[in-house]
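Look for subunit A in each of the two complexes below; its partner is subunit B in the first and subunit C in the second.
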Partner chain A sequence: MVNLTIDGKEVKVSKTATIYEAAKEAGIYIPVLCYAKKLLPYGACRVCLVEVEQMKGRLIPSCTTPVTAGMVVTTMSDEIRKVRKTVLEFLLVNHVVDCPVCDKAGECDLQDLSYEYEVVTNRFAGEKFDLPKDEINPLIERNMNRCVLCGKCVRVCDEVVGYGSYSFINRGFETKIATAFDRGLNCEFCGQCVSLCPVGAILPRPFKFKARPWQLKEVNSVCGYCGNGCTVTFGTKDNEVQTIRFNDKTGVNDGNLCIRGRFGATYVNSDQRLTSPLIRKDGELVEASWEEALEKVTEGLRSAGSSAGIISGARLTNEELFLLKNLAKAVGTGNLDHSGGECYKGVTEGLHETLGLQASTATFPQVEKANAILAIRNDFYETHPVFGMVVNQAVKRNNAHLTVIGDKQGKLTRMPHARNLQHKPGLEVNILNAMCRFLLDEKLAKTDGLQGVEELQEALADYAVDAVTAAAGVSADAIKQSAKELVSAENAAILLAYGLPYTAYSRELGLAAANLALLTGIAGRSGSGLYLCGEKSNSQGAIDQQILPAAGALGVSGMLKSASEGKLKALYVTGEDMLVSYPDKGLVEKALDKTPFVVVQDLFLSETASKADVVLPAASFAEKSGTFTNAERRIQRLHPGIKSPGQAKTDFAIFQALLTGFGAAVPATEAAAFMALAATTPGYEMVGLEMIGDQGYVWGGETLVPEIRNLVAVTGGKALEAKYQLVVGSALYHSGTTSVHAKGPMSVVSEPYIEFGREDAAELKIVDGQQVKLKAAGGEISAKAKVDRRLPKGVLFAPYHFGSLKLNRIYNGQASIAVEISK
Partner chain B sequence: MFKEFAKGLSITLKHLLPGHSTTVDYPKQKLTMSPRFRGLHRLVPTQTREKCVACYLCPTVCPAKCITVESAENEKGEKYPKVYKIDLLRCIFCGYCVEACPVEAIEMSDKYELANYKREDFIFDKERLLK
Partner chain C sequence: MTETAQQETVEEIDLTAANRVIDKYIDMHGSLMPVLQGIQEAYGYIPEETVHLTAERLNVYASQIYGVLTFYAQFHLQPRGKYIVRVCMGTACHVKGAGRIAETLKDRLGIEHAETTEDVKFTAEYVACIGACGMAPVIMVNDATYGSLTVQKMDDVIKKYQAMD
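Here is the complex of A and B:
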């Protein structure tokens, strides 16, 4: 710690702090334009100049100067005022004064400073910039005439996002921020640059001219898309979410968001939303009253009893899931499952067998300080983009060794010094096994207190590094080196993502990753961790609350199979468009057709909902209160920003009404439900709603210590012998099937595509945008081709979000699908 | 003393003569309002469109909250007021909107005959205000 004096005030701060940070900590205000908490100091704008007694004769930029002991700092004097005013005058020489039309007016740092320093005239004259605006891309508007060259956008895109879209081009008066060769912006459209731009140079296009900042009501909530659990701040007006505003004061995401979080929330305003319950009469779905609909549902479920099946999405709040579980009990059925329990088997079964846990063992911020990171499935960046940003910072700021095991390349593999173990589809387990085997053979493994070491060693006989390398197509040195790095790192992390398109080997992957975590000593060690991240916003909550089949009852696949044979009497689907997102469309279709009574509770009249007997309109995440538990076990509170359209009700209210119909006890409020669920959910016992602050509350603490340390041998996969094989997964721009109703993501990726590697495209003479057909065992799919450079030869990729592709006609949960290509 | 009295009375008598009345024969006869008079608002047009850029300063500054603005983008990419409405029943004619306008797009005219039969007729939309 260092002592210094700022404006006569004694301040004690850490020795790595800058003068600006020290002043901020002491509550002393210094104006800044180019400084941002999460970026490295830059010192471009010169607005934060201060006087330091020990450095007399010149003014010192406070945001880049580290504190030293005994420093005496003055943050305001006549001279400083004069200099800051001059700096502003210089900026305003070229800056166009179009505040009346600029959407930033009202929250513009330059505007605020001009007001504060009374810059009403300008002693300097010069030409105003007249640069063309970038209005080509759908989401981010760039008007460089307003730019003050603070470089925040350049820095955030490089330092945090890891994409590097922007750079400074030209020099001197001509300097400007531009993309490579000054072309249009073509990036991942996360909008991080939008959130950091202090002026109106980079603005969110969907919000263009919608409102003034002071008209918006700010409501903090949690993003409803992925398991990362980012805090979002809605700017609401006229009962619509107009924009997502920058907020680095709450949550763990430090204000960082991805395209879905920032631009994907608009589906809540969609005019396609269901506004009243629908009941099938004479084969048609017609509007009905809530009373009638609820009565019909109660009646249907009651008569089905134990032969009813309940399938839930993983975007319901903990409180809603709690009521759903109670509803299953009231109905008298154990057939309860969420998001295809199948795909989360790694967390629910794999971790349970090895570690006795059902959750990640550490928290996201810890990864920033990791020295070695192993990311399994490089899609990780696409399923949990903001966690990807944490990985980026670990690599760039902490020089972490990053190894990526994946069947295609991605942003993570392009990071500096990233080691890419690009393997043939479906062989992740083999590589993890090879790592375990190598650690055991070389006696590097930390085997103290582990059970089943010898059995594992024996079982892994076939997974010698050399044998696996040949089969998987990765280098032996890379496997060995990665294993060594993981075992020797002070802090290390193993990351694995789960979701509906990754159902193959999910249990095996969970086991193999847990084995490796045990052998490297990562599991349960403070600062290190094994991260198994569910795809959706409350996947972890659903796992924690055991929204899983009761003993002897059916899980999702069991229910669907049973239903397709006509054995289920009722099916209750909530928050899931199974016909689009679940593997094996034929089976789902048959199940829905054969079940006499189907209820779907959703926001939209989805493909699944249109097959239902009763459709109940539900509320979106922006309309409800409650809690989500993210993939690092952080419980965070939602706050309603808007009211639901028409008669739509929250899932909580719907379940409440149904439970009342069954004569069961019902918690009156979400808070009461949370108390009840906390009392019965392991890990939540000590958690009260009041403990969930701005940063949420991590149940089980920062590090979750394994209850058992049991190594379980697991058999790897076999590479598919086919010339062309298709892998299914998530695309960064979409999440599940919800985002296809959001304007933002749809304006970037509006239709399904089949991605080809360059080599394959050249060989097949396929060009970007060309219609292609894929023939596989279950049928034929057709979509436009997208040619990129991230796929190896013989591997194609298709995202699973679009119903029109009918991808699940050929995708039945396998790691890869053998296909034949025709044009 | 008498002189002053006569002088004063002469002024009174002068005003009693025909043509010296201060009463105006309204509505046949109307006065010219002073330039500072705050009558009905007027949106100032330019050659192709209204001058207003929908910056929202007038509804923000309006103490009576009688101005509704909704902005949008026209085909040239310019910001324009898709909706501009003043509810004259609420308006207190303070003229803050005119003062706040950064582009001098709104002014107060000398029109003061604003009586109407229906409440809706007191809502002045963009077309009426542009007249």
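Here is the complex of A and C:
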């Protein structure tokens, strides 16, 4: 700690603080334009100049100057005022004064400072910039005439996002912020630059002319898309979510968001939302009253009893899942499961068998301090983009060693010094096994207290590094080096995402990752962690509450199989469009057709809903109270920003009504439900709603210590012998099937595509945008080609979000699909 | 597959030479400048495709490379002529008729400052001073200097290079 004096006030701050930070901590105001808490000091704008007694003769930029003991700082004097005013005058030589039409007016730092420093005339005159606006992309408008060259957009895109869209180009008076070759913006569209731009140079286009900033009501809630659990701050007006506003004070995401979080919430305003219950009459779905619909559902479920199946999405709140579980009990069925059944076995079974846990062992912020990181499946940053940003910061700021095991390249593999173990599809487990084997052979493994060391060593006989190297197509040195880094790092992290597009050998992957985490001592060690991240906003909550089949009962795949054989009497699906997103469309179709009574509860009349007997209109995350548990076990509270459209009800209200129909006990409020679920959910026992503050509450603490330490041998995959094979996954811009109703993500990726590596595209003479057909066992799919740089030869990729692609006609959960290509 | 993606038009060029340059410097810290200089030497300019290749292989953002390329005057993003005609616009040359010399060049070849003829034979560059004021007005064609120019002499120089391969 360092003592200094600012404006006569004694201040004690950390020795790494800058003068600006010290002043801020002491409640002393210094204006800034280029400073941002999460970026490295830069010192470009010069409005934060202050006087330091020990550095007389010049003014000192407070945002880049570290404090020293005994410093005497003055933050305001006649001279400082004069200089700051001059700086503003210089900025306003170039900056156009078009505040009346600028969306930033009312919250623009330059405007506020011009007002504060009374810049009413300008002693300097010059030609204003007349640069063309970038209005090509649908989400982010760039008007460089308003730019003050603070470089925040350049820095955030590099330091935090790791995409590097922007740079300063040209020099001198001609300097401006631009993309490579000065083209329109074509990036991840996370909008981090939008959130940090202090002026109106970078603006969210969807918000244009929607409201003045001061007209918006702000409500903090949790993003409804992925398991990252980012805080979103709704700016609402006229019962619509108009924009998602910057907020680095609440939650763990430091104001960082991805395209879905920042631009994808608008589906809640969609005029396609279901507004009243629908009942099938004479083959048609017609509007009905809630009474009639609920009565029908109660009756249908009651008569099905133990042969009813309940499948839930993982975007329901904990409280809603709790009621759903009670509903299953009231109906008398153990056939309860969530999201795909197979996809999360890595956590529910893999981790359970090895660690006795069913959750990540540490929290996201710890990863920033990791020295070695292993990311399994580079898609993990596409499913959990903001977590990907944490990895970027670990690599860029703390020189963490990053290894990526994946079948395609991505943003992570392009990070500085990233080691890319790009393997043939379906062989992740083999590589993890090889790492384990290497650590055991070389006596590097930390085997103290582990069960099954010898058995594992024996079982891994076929996974010597050289053997795996040849089969998987990665270098032996890379495998060895990564294993060494993981085992020797003070803090290390193993990251794996799972979800609907990754159903193949999910349990095996969970086991293999857990084995490695045990052998390297990562699991349960403070500062290190094994992260198994669920795809959806409350995947972890669903696992915590055991939204899983009861002993001897059916999980999703069992239910679908059984239903397709006509053995289930009722199916109740909440928040899932199974026909689009689940593997094996044929099976799902048959299951829905053969089940006499199908209920679908959703926001939209999805493909699955249109097959139902009763459709119940549900509320979106923006209309709910309750809690989500994110992939690091952080329980966070949702707050409703708007009212539901028409007669749509929250899942909570719907389950309440159904439970009442069954004569079961019903918690009156979400708060009561939370108390009840906390009492019965392991890890939640001591958690009260009042304990969930701005940063949420991590159940089990920052580090979750394994209950057992069992090594479990696991068999790897075999490479598919096919000239061309298709892998299925998530696209960064979308999440499940919900984001296809959101204007933001749809304006960037509006239709399905089949991605080709450039080598294959050149050989097949396929160009970007050309219609191509893929034939596989099970059928044929057709979509436009997208030619990119990230796929190896012979491997194609297709995202699973779009119903029109009918991808699950050929995807049955296999690691990769042999395909034939035609035009 | 955004709309903006369609703006990208990538030239088809042989990347062997660029790869060779990158291979040479890949293990060197801070190798971007020598790599870009090497590529320019090999191709005569920096083709867009080589920027993407460099970005990919050196793990540097394409936008940053573009920032470097537009910062330094030594880099060229368009193909340049076989013969670079540098017309001195310094004070002495200006007084002794550099304007007329530049006009003649424009008249005969149809190119102004920083432009290249369609057959990629000539590029015109008006420069501040080439330090040969005694010979004003003066031009350089690649490394050869031609001084005390008149319109007639300028014509002869142009014809001479036009006749060469």
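Criterion: the second predicted complex is superposed on the first by the 823 of 823 C-alpha atoms of A that agree within 3 Å, B and C clash if a C-alpha of one lies under 4 Å from a C-alpha of the other, contacts with A are read in each partner's own complex, and residues count from 1 in each chain.
Keep in mind that, in the parts below, a contact is a pair of C-beta atoms (placed from the backbone, for glycine too) under 8 Å apart; a residue touches a chain by one contact, two chains touch by 3 or more.
What you see is a predicted model, and the numbers here were worked out from it, not measured in a lab.
Student: Between subunit B and subunit C, whom does A:F597 touch in the aligned arrangement: first, second, both, or neither?
Tutor: Once the two structures are laid over each other on A, A:F597 reaches no partner at all.
Student: For A:F246, decide between first (touching subunit B), second (touching subunit C), both and neither.
Tutor: neither
Student: Which partner, subunit B or subunit C, is in contact with more residues of subunit A?
Tutor: C
Student: Under the definition above, what is the set of subunit A residues touching subunit B in their complex?
Tutor: 99-101, 105, 133, 135, 208-212, 214-215
Student: Considering only the defined contacts, which subunit A positions touch subunit C in the complex?
Tutor: 136-138, 158, 163-171, 178-186, 414-418, 748-751, 753, 768-769, 784, 786, 789
Student: Which bits of subunit B are touching subunit A when the two form their complex?
Tutor: On the subunit B side, the touching residues are 53-57, 60, 71-73, 77-79, 102-103.
Student: Considering only the defined contacts, which subunit C positions touch subunit A in the complex?
Tutor: Those in contact with subunit A are residues 1-8, 48, 51-52, 55-56, 59, 61-67, 70-71.
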